[in-house]
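Accompanying notes for the structure given below.
Chain naming follows the written order as A, B, C, D, E and F, and within any one chain the residues start at number 1.
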Amino acid sequence: MNVTVSRKAHFNAAHRLFVKEWSDEKNLNVFGVCSNSNYHGHNYEIIVDVTGKVDPVTGMVIDLKTLKDIIKNEIEDLMDHKNLNLDIDYFKKVVPTAENICIFIWNKLRIKINYNKKLEVTLYETPRNFVKYNGN
Amino acid sequence: MNVTVSRKAHFNAAHRLFVKEWSDEKNLNVFGVCSNSNYHGHNYEIIVDVTGKVDPVTGMVIDLKTLKDIIKNEIEDLMDHKNLNLDIDYFKKVVPTAENICIFIWNKLRIKINYNKKLEVTLYETPRNFVKYNGN
Amino acid sequence: MNVTVSRKAHFNAAHRLFVKEWSDEKNLNVFGVCSNSNYHGHNYEIIVDVTGKVDPVTGMVIDLKTLKDIIKNEIEDLMDHKNLNLDIDYFKKVVPTAENICIFIWNKLRIKINYNKKLEVTLYETPRNFVKYNGN
Amino acid sequence: MNVTVSRKAHFNAAHRLFVKEWSDEKNLNVFGVCSNSNYHGHNYEIIVDVTGKVDPVTGMVIDLKTLKDIIKNEIEDLMDHKNLNLDIDYFKKVVPTAENICIFIWNKLRIKINYNKKLEVTLYETPRNFVKYNGN
Amino acid sequence: MNVTVSRKAHFNAAHRLFVKEWSDEKNLNVFGVCSNSNYHGHNYEIIVDVTGKVDPVTGMVIDLKTLKDIIKNEIEDLMDHKNLNLDIDYFKKVVPTAENICIFIWNKLRIKINYNKKLEVTLYETPRNFVKYNGN
Amino acid sequence: MNVTVSRKAHFNAAHRLFVKEWSDEKNLNVFGVCSNSNYHGHNYEIIVDVTGKVDPVTGMVIDLKTLKDIIKNEIEDLMDHKNLNLDIDYFKKVVPTAENICIFIWNKLRIKINYNKKLEVTLYETPRNFVKYNGN
């Protein structure tokens, strides 16, 4: 019996979308107002799904307090109240689109969660724009 | 690396559920108050999921502004502030249940989005009733 | 000690905005797509606020089950799955804007709730458009 | 053409997490504040997904009123305003974690819904903690 | 210039509604399923509104971190994952209706917030039932 | 008959809280992580309440399309996808706390809405932190 356990968390961050090798004009054409050189920001919401067997004694797939702490230590402490482009090395070379932020978070969490469990991450940039990644 | 990108949109419309070939009595039996001959209506919410590879330069699966525009041109401009039964030819022969509206929207969007990407549409008729279709 | 007790309810209805005495052109100018002659519709949400003294024994201002039943009998049974313009006499002469629907609901509820309690009604036409009326 | 039809419902219940065979100390270590011997409680939200073919005449996978009634009869009438540990026999032997409650609900609904349709249940314990089960 | 600053928090608790001096039958008549002797529970949400002058230098009415800490220390630590009837002395004599819980919270917070500021507390028992108290 | 008409809108922006005249240490003490010199950001939500008489013919207090356009022209076009500290002159001297942003928005809107109507603005910095201002 496989159950998916989900935990919702959030962090507030600034970012801008631009490719260093491109001119300002091309960045504006491709990324529009998201390329504003002074940055803008979001209340990012994340949902972390962990799928695995239910322990027959504890009735749990993963302790939700443990999952909450992993998200806090790996993601919130790193990304909350930060400028993704300036404060996180990874995004000095990689454009911090929702897609790339989601992959980054998945990779950070994957090594902290037992590999006999599946992992999926959903990232809301706004209530209307969101992305999902599961490693495939 | 496949990521699912989602965009939420909405339209407000009137509809009624009834099968022309049936008596009023049978329509009432099957569709209940939803068959009211004077129509009723909903704030429909739609979520469009597009799944594909992340472009290694732009970090995007599909430009969310492009996706927003496709939904506006194909769905909102056609269905917002309309009577689905009277204003949209397709629903003169097909009952506008949430299921059928969702399939209709999926078909409209499918031809506008590159076939190397998967497409799924979720349609909320109310916050408590919703349906999902992915072409299978 | 005055406490405000609130109950949320909802109904789904069709409507259109137009003034009979005006030309179609003027109606379109003033009400835009909301004047579509075939109607459109909404999931209306209502919040009913009742303010009064807390009963020292029961700890209640008004029994929430009683309030729920009043809203069901007076509002939902009358307005749910209806066409406001065609199915409710009051809106044959009065334009069913959110403002006027809210006043109508307030008047229906006012006579059912003890006059030693204050009454306020909030009506959501969409999650982004809503109105509030308290009799003043 | 397979469509997933979803219905959201809810029930309010008390519970506590503990394993009878364990000491209070061990229960506190594993379940933390959730093991409070006087119980605590939640507004549980459930989403029931039913996937199947759309009937070509009615345009429905399953009548949403029927689905609503099944959920009411099987789940809400049994679990709403109850103490899961004390009022439901099943949880006298099984810890009422979100995972186990979700499996219990899925099993109750599975026998009431035609086996040519797939069934999935999502259970929200809080807006931030939720689980999903589909029988696999 | 007076601004209202609001902070949302939550706690999960069990309770039951009953008056000790009444028979079980009368309790059932007045409080319905809420009088279940084994308790039920809720995810309570609270919104604390503090109204006052904006400090011309810091631009703040009250530091939101301070407000968050007051709510945590005074309310969440006391009420989260508790049985209101059994674990909180106040509710051994007072019925823990939403109204009375809201007044209790307001009184706990009032003495911790400068009296030159107004205080209002909203308590959601469920997303559809909520109450508000401001000391008047 | 006075009715309050409300319109919800949003903008995404970066900001930081700091007082120029203070040392970095004092800014960190007062504003915590919000003083990060590289900025962070939010999805700000605003609710604009306009209270006035209902026009007896149109049934409207203010045309919601007009109100939507005013908010777009005065607020969204100015603040969306911007850095409040760098891109908006006003916040070069005034700390962009939620309180001060709300007052700024109220002042911008006040001159565009007929003075026979009352105006109130609510600003959500996050779903848990929000402020309200009405000019008093």
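Convention: contacts are C-beta pairs under 8 Å (C-beta built on N, C-alpha and C of every residue); 3 or more make two chains touch, one makes a residue touch a chain.
Since this is a predicted model, take the numbers as computed values, not measurements.
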{"item": "Where subunit B and subunit D overlap in contact partners, by chain label", "value": "A"}
{"item": "Pair exhibiting more inter-chain C-beta contacts, E-F or A-F", "value": "A-F"}
{"item": "Farthest-lying chain, centroid of Cα atoms versus that of subunit A", "value": "C"}
{"item": "Separation of mean Cα positions, subunit E and subunit D [Å, integer]", "value": "28"}
{"item": "Whole-Å gap separating subunit A and subunit E, where each centre is the average of the chain's CA atoms", "value": "34"}
{"item": "Subunit A: positions in contact with at least two other chains", "value": "127"}
{"item": "Which pairs of chains touch, using the document's own definition", "value": "A-B, A-D, A-F, B-C, B-D, C-E, C-F, D-E, E-F"}
{"item": "Complex contact set, residues of subunit A against subunit B", "value": "17, 19, 30, 32, 94-100, 102-103, 127-133, 136"}
{"item": "Subunit A-facing residues of subunit B, complex", "value": "1-9, 49, 54, 57-61, 63-65"}
{"item": "Contact set on subunit B toward subunit C in their complex", "value": "10, 12-15, 33-34, 36, 38-43, 80-83, 86-87, 126-127"}
